[in-house]
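What follows is a set of structures for review.
What follows is chain A paired twice: with chain B in the first complex and chain C in the second.
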Partner chain A sequence: MFPPIPNPQAKPIEAKFGDKDLIKRSASNITPAAQRQTQVAKLIDVSKCIGCKACQVACLEWNNLTEEVGINTGVYENPHDLTPNSWTLMRYTEYENPESGNLEWLIRKDGCMHCEDPGCLKACPAPGAIVQYSNGIVDFVHENCIGCGYCIKGCPFNIPRVSKVDNKAYKCTLCSDRVAVGQGPACQKACPTQAIVFGTKDEMKQWADKRIKDLKSRGYNNAGLYDPPGVQGTHVMYVLHHADKPNLYSGLADNPRISPIVEFWKGFTKYAGLTAMVAVAGFGLLHHVVAGANRVTEHDEQEAKRLAEK
Partner chain B sequence: MTNSWTDIKNADVVWIMGGNAAEAHPCGFKWVTEAKAERGAKLMVVDPRFTRSAAVSDHYSPIRSGTDIAFLSGVINYLLTNEKIQRDYVKNYTNISFLVKEGFGFEDGLFTGYNETTRSYDKASWQYEMGPDGFVVKDETLSHPRSVYQIMKKHFSVYTPEMVERISGAPKDKFLKVCEMAASCSTKDRTMTIMYALGWTQHSHGAQNIRCAAMIQLLLGNIGVPGGGINALRGHSNVQGITDIGTLTASLPGYLAMPVDGEPTLDSHLVKRQFKPIQANQTSYWQNYRKFYVSFLKSMYGEKATKENEFGYQWLPKLDVAYDVLRMFDLMHQGKTTGLLCQGFNPLMSVSHADKNRASLSKLKFLVSMDPIETDTARFWENHGEFNKADPAKIQTEVFMLPVTSFVEEEGSFTNSSRAVMWKWQAADPYAQSRKDIEILADLFIRIKKLYEKDGGKGIEPLMAVDWNYKDPHDPSADELAKELNGKALVDLTNAEGKVVRAAGQQLATFGEMRDDGSTNGVQWIYTGFYGPNGNLAQRRNNADPSGMSVYGLWGFSWPANRRILYNRASADPEGNPWSDAKKYVFWNGKTWGGADVPDFVPTNAPSNGSGPFIMNPEGVSRLFAAPMAEGPLPVHYEPFESPVANVLYPKIKGNPAARVFKGDMEVFGNAKDFPIVATTYRLVEHFHYWTKSVHANAVVQPEFFVELSEELAAEKGIKRGQMVRVWSNRGEVKGKAVVTKRLKPFKIDGKTVHQVGLPLNFGFIGETKKAAPINSLTPYVGDANAQTPEFKAFLVNIEPIAGPVA
Partner chain C sequence: MAKATEVAPGDAVHDGNPVVVDRYTTGARINHWITAASLVLLAISGLALFHPSLYWLTGLFGGGPNTRAIHPWIGVILFFSFLGLFIRFWKLNLWEHTDNVWLKKIKDVVTSKEENLPEVGKYNAGQKMVFWSMSVLIIVLIVSGIGVWEQYFGGYFTVEQRRVAVLVHAIAAVMAICVWIVHVYAAIWVRGTISAMTRGRVTGGWAWRHHRKWLRELVSGK
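Moving on to the complex of A and B:
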């Protein structure tokens, strides 16, 4: 059993990280915190998950979210996709393993992966609407959000959702409010089988090793950790029985990376654009210096007066 | 549970069958994941559906609903023919060497002594052969044809892997893998745990399903040992407590029996139950029955209970028959019931044949619903269209709804599946004007008593005799009631030397202190000790595990005597040594019994005395051959009352020959021609019975009733995923969305393709979820032959696509 995180004391606790611990801020230039806090991670062990949806309910309850009661569409997923209120969702895949001939019911908890290189943050044009703390958590600051939806385009996992009510984007916060006071995320706390555990990224990797060993002993030779390098690793990781085929798990990205358009747009294009803007401004200035200001002459005044009287 | 939730961690193999622990017991299931992750234990699941338990298993085998006995008997046959039994255990701790009387027989699916008219057995021929010394006759060589061993070998030989496949549809290779995994625990250092729930009990042969499992565990030497046992997973958080407290009409608290018609005196009741040992030097603990019974009566009637009046025995009702839920509603249907007090109960949803039950409720004069939420039953009279076809104009039943506090709004205790009594404290203020159940019942009691005192009436003596000695008679506190359950000394109790061992007024420390002369009281002997002289032990929350064997002896109080594994003397060999170092648990240290747990044995009873570990049985050993069962001393495969095929082994027998069927119900069993599809009902992890459909967040994650069916059946009937379907049985119909899945597959039963559909039961017409008709509109009105638990898990339906929203 992974050592459980003790309950908090009743006295208020000061937040362990805040604005001074930012390493990235959307559409802003900031000086990153001099020293990074220990990086945290949530590990989702798909092989221990029983698909009970306690995490979904815990997320709704802790974050005070109200989701609509939907309908059944012939599947176990409810709601049917992530929404501005449902920041996490169990997804179910029935997979007939051609090697063993056995049916496998692959159940994956979907939600924000908290990428080390967050595509959403990169794509975001609103200053300070998306931030990354030095412990790795990627958070949305809703008062700065303009609801453009670029974060969805930037996300290699298709996670954020824009609310039609307040036109702001929402996603899992990795319970940054709980983590700030030494607690794990609400989903982790609610998980009955420790399929979700939380700790430092190093601890999680070690724990995952143990789990992978167990899975390999049960014949899952391709068991492994999902910590994709294309986004420089994530702060939400999976233990998968078939780490060679992440796509089996309701379309989990095999090689996630930030969309080249976003990279291009926010990389080369951004600087090219800035260069163009600077060039235009420079030309104006030069013109001003050479041609001088555009002044109104006496003749112009008289012509204007004549036209007005007409 | 014979063992405990935490003990599952000690298992090498976990077998889930007749239950779906991941889905119905997700929190307890963590001990299965622990056993897997920490011990490398293997999990196998046998279920008609590939469930969420199966999703995390190492091996899964399908099975047609209602054929568990054939499957399990096949396992027994495998163990016997392949010699995969723990021989030393079986020879010493079971009745395998006992001889059965001459005249016992089994032919064409029936045992000797059957009476077709009464659908019951005369069990005279099922008894042991007794010697002139009053003890049972045994054959230690196991070669006598009337020895239990030889009878079993012959009886189970028909359940070959091929026969198991023909009956149950479980592919031979999948079945044999189950046998092999179970057999791997016949050694002394490995154990298997069996976890089951209502998937085994809710059959017309439910008790025999569990008997099969017990026999397998005995053959493997897995009872009384860590990581073993037969573990009944209880559904409601306190359903163990409710069984212990004796709410069944035939029981009194602590599994004492309610008097019946033929027992006019206390002695005539007791003499039948104080079993004398039938082997030398056996404990036969029920010899103490009288002490527990008298202590119960002293709690019930206080000072009015005296030796002269048989401690008030005459004030107890004498039963003619047991009034289980099916009989209760049948009597209501016959118009013989005036009023019904429904306390935390939603029978319109949870009892078979909902249409009959709606009609029954309509015949009541009054119905009282005591519940924290509005139940469907309380609104049975309301017309909800196809979901509840009631005509309010024709229903005269007056309905009272008394809102009660929920469990978090009052203090008290819960007893979980591990038999652990755990105190809970009030966490929230009662909602609006809701009142505690205890307050309402106390109020009712006082008012009814006053009315009788004022107006008089017939047969009021039992009511007047009840001892009601609480600080606030209108609101007995949880603390007072807990103390009363435990019991206390009424006078100074002295030992043989005349020394006072328990002063008058002191709480009793164990049920061993109870006396049969009226000098002690105590409502519930099995709980005695939980609130002893050192206070309320149910409040303990120390999670220390000193032995490292997952034994949390300072957490709550596990009845009886804070024992975590029952029959734990069997964890040691006849000489008192642990069977193996790996499973060292309770053992003899040369002077006393001790170890990780409280010994289930007299601590000073030396192994040399030869007393058996099964101290509750007069045999001192456990029963592979069990005469008290209603339908036979050995399990037999009987089809459910509604079955898609005739019984392959005994074609003439329909259903369980000893199951009770009421007049009118036999006629509405469906046949395989009109209803060729097997159906089963079950719970979903997202919901808690019929309660959380009234809770918004639960409704969000599972909003609507659905029907699970295979891709093959969907193709055959032209049903698309998410389409509305109608499912009907010979008693009613329901409509829901189709969940077409690979997790259900058609069965090949005796050469014929048989489909099965799955019907989750958590939906209804009151609450936040989409409206649905009660799933029990479909289920048959018949119960288990021993316990009368309704057959919810195997019946026949038909299915068709209907117009409706296609998602």
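Moving on to the complex of A and C:
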């Protein structure tokens, strides 16, 4: 068993991280915090998950969210997708393993992966609406959010959702408020099987190693850690029994990275676009200085008069 | 008399000193200025969300969320307003052989040696290019813009489609702004032009110098 995080003391304590610990801020040039805090991570061990949705409930509870009562269409997902109120969602896949002939029930807790290279933050046009703390947490700052939905286009995991009520984007915060006072995320606290554990990223990798060894000893030869390098790693990681095929788990991206379209839009286009506009205007100015105005002459007026009176 | 091919309804010559030529009706001018105002507002609000160094422009629209909310609606106004201009102007903007000749002599155009150019109808090749490129770009912008309009259309497109839409929208917008700069600059550079869109008329000398074929047809149809 992973040693549980002790309960908090009753007396208030200072937040462990805040604005001074930012390493990235959307649409802003900031000097990253000189010293990075110990990086944190949440590890979701898919093989230990029993699909009870306690994490979903805990998330709603802690973040004071209410999900609409939906419609049962005969599947276990409830709600059917992530929403502005449901920041995490159990996704269920029935997989017939062609090697063993077994039916496997693959259950994955979906939600923000807290990428080290966050696509949402890269795409965001509003200064300070998305921030990344030096411990790795990627957080949305709603007072700065303008509701444009660019974060949705930036995200390689299709996570953020824009509320129809207040037109702000929402996603998992990794319970940054709880982590700031030394607690783990609410989902982790509620998980009855320790399928979700929380700690430093190093601790989580070590724990994952143990779990992977155990899975391999049980015949899951492809068991492994999902910490995708395409986004420079994530601060939410999975232990998968089929780490060679992440896609089996309700379409988990095999090789997630920020879309080249987004990179091109936020990179080349942004600078080339401004340059082009300034160049065209500059060319006009230069032309006017060199060539001067094109003026109608008295001769032209006389010719017109002669033509009109003919 | 040959059938006038370069004359729009409302165009007319009035004798006097100087000769005065009606170029745009009141309706066309109102239509133009609604289009112009919406295009400028779109450019400002769009640029505010395009480059972080221009985000402060959102202040002109009452902040970021308001800018995000209002920009697409101005786009709708622009689309329909431009549609009005398109219906008014498309016919006289059809491409002709003399437009190629005019373009080949672009050096004489930029150095104001108009005596070397073929006689031009109501619009020269440069104006026609502005017209057609704006027509195409505005269609591209409204279509891609719907793909970016998260509030109402977010659910209708895949994330990948929305990514393409936002990139296409940005590129088309940059091009439209460049075309707009050319349009405005040409109106300033060629003196006597702006009164066509403010008062609706130009002097005979202006028409003789820049759109002689149009003037000739107007006179012969008088």
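The working rule: the second predicted complex is superposed on the first by the 273 of 310 C-alpha atoms of A that agree within 3 Å, B and C clash if a C-alpha of one lies under 4 Å from a C-alpha of the other, contacts with A are read in each partner's own complex, and residues count from 1 in each chain.
Following the convention adopted for this analysis, contacts are C-beta pairs under 8 Å (C-beta built on N, C-alpha and C of every residue); 3 or more make two chains touch, one makes a residue touch a chain.
These figures come from a predicted structure and were not determined experimentally.
Visitor: For A:Gln9, decide between first (touching chain B), second (touching chain C), both and neither.
Guide: Touch partners of A:Gln9: none, neither chain B nor chain C.
Visitor: Could you look at A:Thr73 and tell me whether it touches chain B, chain C, both or neither (first, second, both, neither)?
Guide: first
Visitor: Is it chain B or chain C that touches the larger share of residues in chain A?
Guide: C
Visitor: A:Ala308 in the overlay: touching chain B, chain C, both, or neither? Say first, second, both or neither.
Guide: After superposition on chain A, A:Ala308 lies in contact with chain C alone.
Visitor: Taking the superposition as given, does A:Cys148 touch the first partner, chain B, the second, chain C, both, or neither?
Guide: A:Cys148 contacts chain C only, not chain B.
Visitor: Look at A:Pro127 in the shared chain and tell me whether it touches chain B only, chain C only, both, or neither; answer first, second, both or neither.
Guide: Touch partner of A:Pro127: chain C, not chain B.
Visitor: Go through the superposed model and pick first if A:Gly51 touches only chain B, second if only chain C, both, or neither.
Guide: In the superposed model, A:Gly51 contacts chain B only, not chain C.
Visitor: Of the partners chain B and chain C, which touch A:Gln35 in the superposed model: first, second, both, neither?
Guide: neither
Visitor: Please report the chain A residues shared by its interface with chain B and its interface with chain C.
Guide: none
Visitor: Report the residues of chain A in contact with chain B in the complex, numbered from low to high.
Guide: Per the stated touch rule, the residues are 1, 47-54, 56-57, 60-61, 66-76, 78-79, 86, 94, 96, 102-105, 107, 192-195, 210-211, 214, 217-218.
Visitor: Which part of chain C faces chain A closely enough to touch in the complex?
Guide: Going by the criterion above, the answer is residues 13, 15, 17-19, 49-52, 55, 58, 63-65, 67-69, 110-112, 114, 148, 150-151, 154, 159-160, 162-164, 166-167, 170-171, 173-174, 177-178, 181-182, 185, 188-192, 203-209, 215-216, 219, 222.
Visitor: Chain A touches which residues of chain B in the complex?
Guide: 22-23, 26-27, 29-30, 33-34, 36-38, 40, 50, 52-56, 58, 60, 685-686, 696-706, 720-723, 736-743, 768-770, 805, 807
Visitor: If we count contacts the way the header does, which residues on chain A are in touch with chain C in the complex?
Guide: Residues in contact with chain C: 27-28, 125-127, 144-150, 152-153, 155, 158, 162, 164, 167, 259, 261-262, 264-265, 269-270, 272-274, 276-277, 280-281, 284, 287-288, 291-298, 300-305, 307-310.
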